[in-house]
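Labels A, B, C, D, E, F and G are assigned to the chains in the order they are written; within every chain, residues are numbered from 1.
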Amino acid sequence: MESIILQIAARHMRPLLIGLSLIVLYRGHNEPGGGFIGGLMFGAAYILYAMAFGVDRTQKSIFFNPINLTAVGLFIALISGMPALLLGDSFMTGEWYTFFQGTLMELKLGTPLLFDVGVYLTVAGMLMLVMFSLMEE
Amino acid sequence: MILVLPIILPLLFMVVLIFTRRWLAFQQGFSIFASIMLTFVSFLILTDVQQNGILAIQPGSWDAPFGITLVADLFSAIMMITTSFVAVIIMIYSPGFIDKERQTAGYYPLVFGLLMGVNGAFITGDLFNMYVWYEVMLTSSFVLIALGGSAEQLRGSIKYVTINFVASIFFVSAIGILYGQVGTLNMADLAAKMRTWDEPMYVNSALMLFFIAFSIKSALVPFFFWLPASYHTPPMAITALFAGTLTKVGVYTLFRFYSLFVVFDQQFWMYFILTLAGLTMFIGVLMAASQFDIRKILSFHIISQVGYMVMGLGIFTVGGIAGAIYFTVHNMLSKTNTFLAGGLVYQRSGSYDLKYLGGLYKAKPFLALLFFIPALSLAGIPPLPGFFGKFFLIKGGFEAQQYFITAVAILTGLFTLFSMVKIWNEAYWKKEPEEVKEKGKVHPSALLATSLLAAAVILMGIFAGPVIDVCLQAGEQIVNPEMYINAVLKR
Amino acid sequence: MKMIFNFLLRVFRFIIFVFYYLKELIVSSLYVAWDIITPKDLMKPGIVEVPVDLKSETAIIAFANLISMTPGSLTMDMSPDKKKIYIHAMYLHDKQKFIDKMKNELEHKIRQIFD
Amino acid sequence: MIIEWIAAFFLVSGSLFMLVAAIGVVKLSDVYMRMHAITKAASLGAILMLAAVSLIYIEWLVWVEALMVVVFIIITAPVASHMIAKAAHITKMPKGPGYIMDELEEADNTFPEEEKQ
Amino acid sequence: MLLLLAILVGVLYGAAVYLLLRRNIFKLILGLIFLGHATNMLIFVAGGLTSGRPAFLRGVQDETIGMSDPLPQALILTAIVIGLGVTAFALTLVYRFYKVTKTVDFDELSENE
Amino acid sequence: MSTGLFLLVLLLVAAIAPFARKYLGNYAGWVYAIWPFTGFLYYLSLLPAVNEGLIITESFEWMPALGIEFSFYVDGFSMLFSLLVLGIGTFILVYAGYYMRPYPMKGRFLGYLLLFMTAMQGIVVSGNLITMFVFWELTSVSSYLLIGYWHEKPEARASALQALLITGFGGLALLGGFVLLAIPYGTYDLAYILSEPDIIKDSNLYLPALILILLGAFTKSAQFPFHFWLPGAMTAPSPVSAYLHSATMVKAGVFVLARFNPVLGGTEVWTYTLTIVGVTTMFVGAWISITQVDLKKILAYTTVSALGTLVLLIGTGTEYAINAAIIFLLVHALYKGTLFMMAGNIEKKTGTRDIRELGGLFKYMPFAAVVMIMALVSMAGVPPMLGFLGKELIYEASAAAPKAFWIILPLGFMTNVIMVFLSLRLAIDIFWGKEPKYGKIPAEPSLPLILGPFFLVLVSFVLGLFPSTMANPLTSKAITAISPLHDAMVLKLWHGFNLVLALSAFTLLSGYLMFRFRHTLLLSVDKVNIRYFRKEFTRYFFSMIDNFLVFTKLKTKTLQHGYHRFYLMTLFIFASILVWVMIWRADPIMLELNFSDMPLNLIAVVILIIAATLSAVVSSSRIIALISMGVIGFGITIIFIAYSGVDLAITMIMVETLLVILAMTVVYHLPTYKNFSSTGARMRDALVATLVGTFFMVLVLQAGTSSLETPISEYFKETSYSVAYGRNIVNVILVDYRALDTLGEITVISIAALGIYAMMKLGKK
Amino acid sequence: MEFAASPVLTYAIYFSFFALTISLFMGLYRLLTGPTLPDRIVVMDLVASVSIGLIINYIMATGQTVFLNVAVAIALLVFMGNIAFAKYLIRRIEK
């Protein structure tokens, strides 16, 4: 059973949700949000899409296998602990680098952020997998 | 820094194995290599701890008790070595036992997920972190036990998942309550603080919740039901892996918590633990005796033998603890070995049911030997390690003047012997029944793995001396928790 | 130049539309409030089929939403070919008048901005 | 000061609309009617209350977020109500008294086979 | 408020236990979700209740006294995520279980072990 | 050569034996006998030195931390036993090599036999309690393998199981006894323990240690009421029986009793227990053997009787008794080895062991007949065989026993009469009685089969003829070793006319009369036996095992019944009981009720959650349950917000919604809901749920009302921005302070994903 | 709860809380009485809206504008739940 209205809404909501999820991911260190909530949003975008179009079409609309997405996320999270080792600190010590510092805003990136990216991808991948396995006809 | 390796290496291996999940040959080879590597790392940690005392590091560079502590004493190191060694054996065994579909459906990465969780639980010094590692381990085991998905297996899985989930909930609830009361999660910090209080407040209620949780995980009576309901359902390689590692993590944690946190009302806790131990030993073995499926007999045995380990804890002398540790290590090896040998029987005869088995002693003497060795070890026949474990515990029990529980332990030994001989009489000595299921061939890699483990069992008995020395040192560290606390809090 | 003008026009109309939308929303809410307080005699509910002549998807969904936010009407379904929309109306005293309102007032506005 | 009064007004009226929606949910005769209430009154209530927040906290972040909530409500509430209404209709949920027509009943709304792909 | 929330925690645990004791596997899933809720609430309440002071540092010299304790929150977040993973898996498990066995009654399949 | 090395090589021979059998063919027995024979000669060569008072000790470190070492202690007593074990063992191996020719798996059989020998030899030379125990258990295991040789027959398996369980039980008791014994000594070293007998007697561990060690010895030595496994064990091939009954296994128990006589003996408990058990066993064994017809079974029951005699003698503990014990030990080993090997020979040549189907064999195998009859003469205690000396000493010991043990003499007399009767019966019925039709014509056994019996009988004869020069050197040091207070008596064949001689003569006469009137006699004994011994103990044993199995099955059925929810219920009930106990033991909660901190809206939210919870629990519609879940999610979110959990609220509402959606998708695959449980079940479950819910409630109250220390999170608040560069402290905890948790958490997520992936992949096929 | 606002607003917040609480109870009534499934789904929708309202009240009361993020999340997700329920209902008929 499809609904054209829902399909249109889902088509519009998906990029919106994904974009929002990235924002949430980025600002999670200072504002509410972070990798997990971002990942959930990312997954939600696809769940909505699947509810509107069915799993098959959703599956066709992505070019990666969600399990790989999860694994990449895990790998990134793991990698984010390594720079500390190279710098002589304990594993997973947060290392920060300020790219830009102005009065209005500053751009500071660090390994915890990278770690959060890993969380994001892992959660997103998992949600997509659950969806594919449960929403099949 | 070596202390992070037992966690991050399996994780790395897991990621690699997920990406390469379609290349079967690579998966098989790499898994063996990787598990050997883990064994090596654990060995390095053991030697390090032996030379330099208890190791403690702070990943993330936040000092204890603020950041998460990783800490290894001899007990953790011993447990890690044994676990990784069992994993090596299972990795050699698996290609010959698990069907290709399962192997390419994530079996190998899941095993490393399991190892990561197990190792994490062994070396973490933080309550909540331990919960996390428990979950890593359990989730892997959830998946592994359901992998394949026959009706029987799924039913077992659901039971397994539910009850273990409940246990985890108890565990994490206890953490929440404890944090609310004392505001710390670092185990050493908590233990140190507890030792400064005059009155116990309410910590013992939370502690009881912990003990219930770990009693469930280690399948103590009356919380054991999930184990026999589920362990016989997945392929034998997986059951063997579980038998060798999972319940022992529960036992490990019981030891750790008892040593660190049982400060108030010690008399009560001792009797509590000893009662559980006695019931577990006895009821487990009684139930094993009535079974006719090899896997079920062995599963009930796991329960009974966990009782022995916990008995050592209840005695809580250096001798008792060391005996329990030795017994645990022996049990991890011997138990896995019997399961693997049972798997070989299955490959050869197509059944685990004693009614359909027979004639293996005549037809396949080597297979018979491969079962006979660990079975005798489990039954506590010298000079196999099971004997020294039992002896060690009896000695510890008598020396601590715990006569009743020791008598129960001795009596339990007889029933253990009975059920082992039952398998032997039926599967190996009895004439092969007419209506045998279709016969298969024993896979060489499975045979090799079982033989290696049997050799290890024998060696562990004959060269028990050095192992026992390490166990005694480990027991010393457990009985004197100040060593642990000081190592973590760097004072 | 014309493009910019067209764009500005659209933006202008959109702003107007937003206010229109809000007005509709407030009015419809008040209607609902009124209905809840007064006896239900006023109501003449029914489900009506209304033809749609919108092309872009944005327009269609905006239309459907607008209908729902308008007093007394609620989008219930749309035909798969996007040509017909089914509306639940609370006060269906005159079917044709209702359809006309939908087409001339709402759809027209939507077409100006989104189509 | 006046702004606070305005905000207070928005807040009160917003919550009143929500109350109206709630009363509607309780009082109205069938599910479609209740849907009217919830879609319109509750949405408006939320929007009004958000306006109150935006008036009191003059930060661009608050505004952006408030606007986001409004936009989402406006986009999603009708879609949701459409789905529920459609589901209720297909499952033939009892309608209240006084219906004068139901043209959806007669319509064939199955998707053509090729479009399902 | 502590008493009220403690009662709530108790009710949630009770509900979870009751649901887990049903024969229908679907209720089992509900029970698992309830257990998760109950535990989250428990950690939250036991960790101390502070209203109106989320754990965000706005200025450099922000007053930290009276700020809510962020640690139980972080723990609950981790527990929620883990719960999500486990529950999602349990859902697939139940789904497969039904597909294979064609029953949702757990008793129907309990043979003696 | 060292004792340890000898044992090691013996063990190696045992290990190689199964494989070498292929290449050695029928000579395997001879070849394998070389090493034990070497050992025999070696110990024989040491005999003079040992008689001079030498005690050989060796020690190899094994587990110093536990006081376990591989150490050996060879004194006169060990020496006597070593000679028996290795000497008889040599002949048994030669015998077995030929005897087993027609049967399968001879290689393995010989290997087990050698293992058995190693084990027994190990026991007798052990110098450490644990070393001794290791070998002790090894005898149990190897005898199990030997008794179960014809393992395809159910009765062989049953006998093997029976033997293993009984001796295994004893082994466990013995281990416990040894551990207790060693506690006051602080060492397992045998030499030290033997040198300080008073330490254990002064300890309160004496009695438990004694009881446990006695249990071990009695089971192994088939003492009443554990005697029944031994006759059962004769299902084993004859070489095994011969070895088992003569020098090994059953004698291990006697060995332990004698070995620890200096340490544990001499007390009243010891004397009474051993005497009563011994005398009972002696008589019961003899009595049952009267009506037996299976040649091996007769011999087996006489062994039981003999073992009883030995225990009795050790228990009595007088000078005479100890002397008699050692001599009788030697006597019995020699004649019983011969008799069992001969029984095997007769069975081999005639195809039966039933004495009613045997007769007139003398003319077919005269030499064999002579050998067997000499052994029987020794058993009957007729001069000049060594058996006579043994019996004389037993009578002397009985006569000299304390007055309290007056029962010994009549019972000993009757036992001996039965022995005479049996000797006559076996000799005459088998070799001269009425000849049945044999399937094939019996013939003289071949050399390897008769060599062993012959030599053993010969030794018995020679020792009997020249007791003081031949037997005394063998036994004197053994006697003083197990009873340092006593002297070894000079053995003489002729004691002059005295009471003992008269008793001997009267015994022979009675035995003859018994034989003469055996037909009437046997009938009446049979009647008694049918009434009182109808069921053999074996059958009691197995019905006990069966009952045990039924019991465990029942227990398993009630405990492990397969009903998942009852598992959970048990779990919850026990958990609540335990936690409630702890709550009860703790201080009562000091709760301040403060209504001012209860905002109306939160009360409403809590009520909403509780109502929705009840709706989810009670509702029979899954969809209503899920909708209620959604409502609960919102409620909890509000509570989180009310108490400052922002990230928490966001996560909560998202996870909740997604889970409800996912659960929904599962639901529509499932069939419509059916209510399975009755009202009663619901009430019961509700009660359990209440138990659990309330204890959690109390725990929360406990935690909420007590705060003992400053929480570590104060540190996070102070350093989150300045050190970790993050304003959202919760997030900073997740990705920095406790990043390891999060790493584990996403691992969980990945594993769950992997599981879902695997289910999908495997479900599709 | 300590209110960070001026008296006017405080009273407004009080009133708002009161109105929303009443709304919650009304939703509860509908949730428990039904009668149809879609009715209950509507309740979920109502509770979501009231939650947003409550969040705004908390913001007004405490000045913690971070709570607005939660409102965003609710607005984003609640309709997905509704859609899932609706789809379930329809699917049930189709089966």
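FYI, a residue touches a chain if its C-beta (ideal position, glycine included) is under 8 Å from a C-beta of that chain, and two chains touch if they have at least 3 such contacts.
The structure displayed is predicted, hence computed values, not measured ones.
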Open item on the list: Applying the touch definition from the top, give me the chains sitting in contact with each of chain A and chain F.
Closed with: B, E, G
Open item on the list: Hopping along touching chains only, can you work out the least number of steps from chain A to chain E?
Closed with: 1
Open item on the list: Give me the set of chains touching chain B intersected with the set touching chain E.
Closed with: A, F
TODO: Compute the centre of every chain as the mean of its C-alpha atoms, then state which one is farthest from the centre of chain F.
DONE: C
Open item on the list: Of the pairs D-G and F-G, which shows more C-beta pairs in contact?
Closed with: D-G
- [ ] Find the geometric centre of each of chain E and chain F from their Cα atoms only, then give the gap between the two centres in Å, rounded to an integer.
- [x] 50
TODO: Let me have the rounded angstrom distance from the C-alpha centre of chain C over to the C-alpha centre of chain D, please.
DONE: 14
TODO: Calculate how many whole Å lie between the centre of chain A and the centre of chain G, each centre taken as the average of the chain's C-alpha atoms.
DONE: 27
Task: Centre-of-Cα separation between chain G and chain E, whole angstrom - done: 21
Task: Residues of chain B touching at least two other chains - done: 11, 14, 18, 59-60, 128, 132, 135, 139, 142-143, 146, 149, 158, 162, 166, 173, 176-177, 179-181, 185, 228-229
Open item on the list: Please output the residue numbers of chain C that touch at least 2 other chains, ranges allowed.
Closed with: 61, 64, 75, 77, 79-80
- [ ] Provide the list of chain D residues touching at least two other chains, using ranges where the numbers run on.
- [x] 21, 23, 35, 43, 45, 75-77, 79, 81-83, 85-86, 90, 111, 115
- [ ] So, with touch as defined above, which chain pairs make the list?
- [x] A-B, A-C, A-D, A-E, A-F, A-G, B-E, B-F, C-D, D-G, E-F, E-G, F-G
Open item on the list: Give the list of chain G residues in touch with chain F in this complex.
Closed with: 1, 17-18, 20-21, 24-25, 27-28, 31-32, 34, 37, 40-41, 43-44, 47-48, 51, 54-55, 57-58, 64, 66-67, 69-70, 73-74, 77-78, 80-81, 84-85, 87-89, 91-92, 95
Task: Parts of chain E lying in touch with chain G, wherever the complex brings them together - done: 51-54, 56
- [ ] Could you pull out which chain A residues touch chain C in their complex?
- [x] 2-5, 8-9, 11-12
Open item on the list: Considering only the defined contacts, which chain E positions touch chain B in the complex?
Closed with: 20, 25, 28, 31-32, 35-36, 38-39, 42-43, 45-48, 71-72, 75, 78-79, 82, 85-86, 89-90, 93-94, 96-97, 100-101, 106, 109-110, 113
- [ ] Please name which positions on chain B make contact with chain A in the complex.
- [x] 1, 4, 8, 11-12, 14-15, 18-19, 57-61
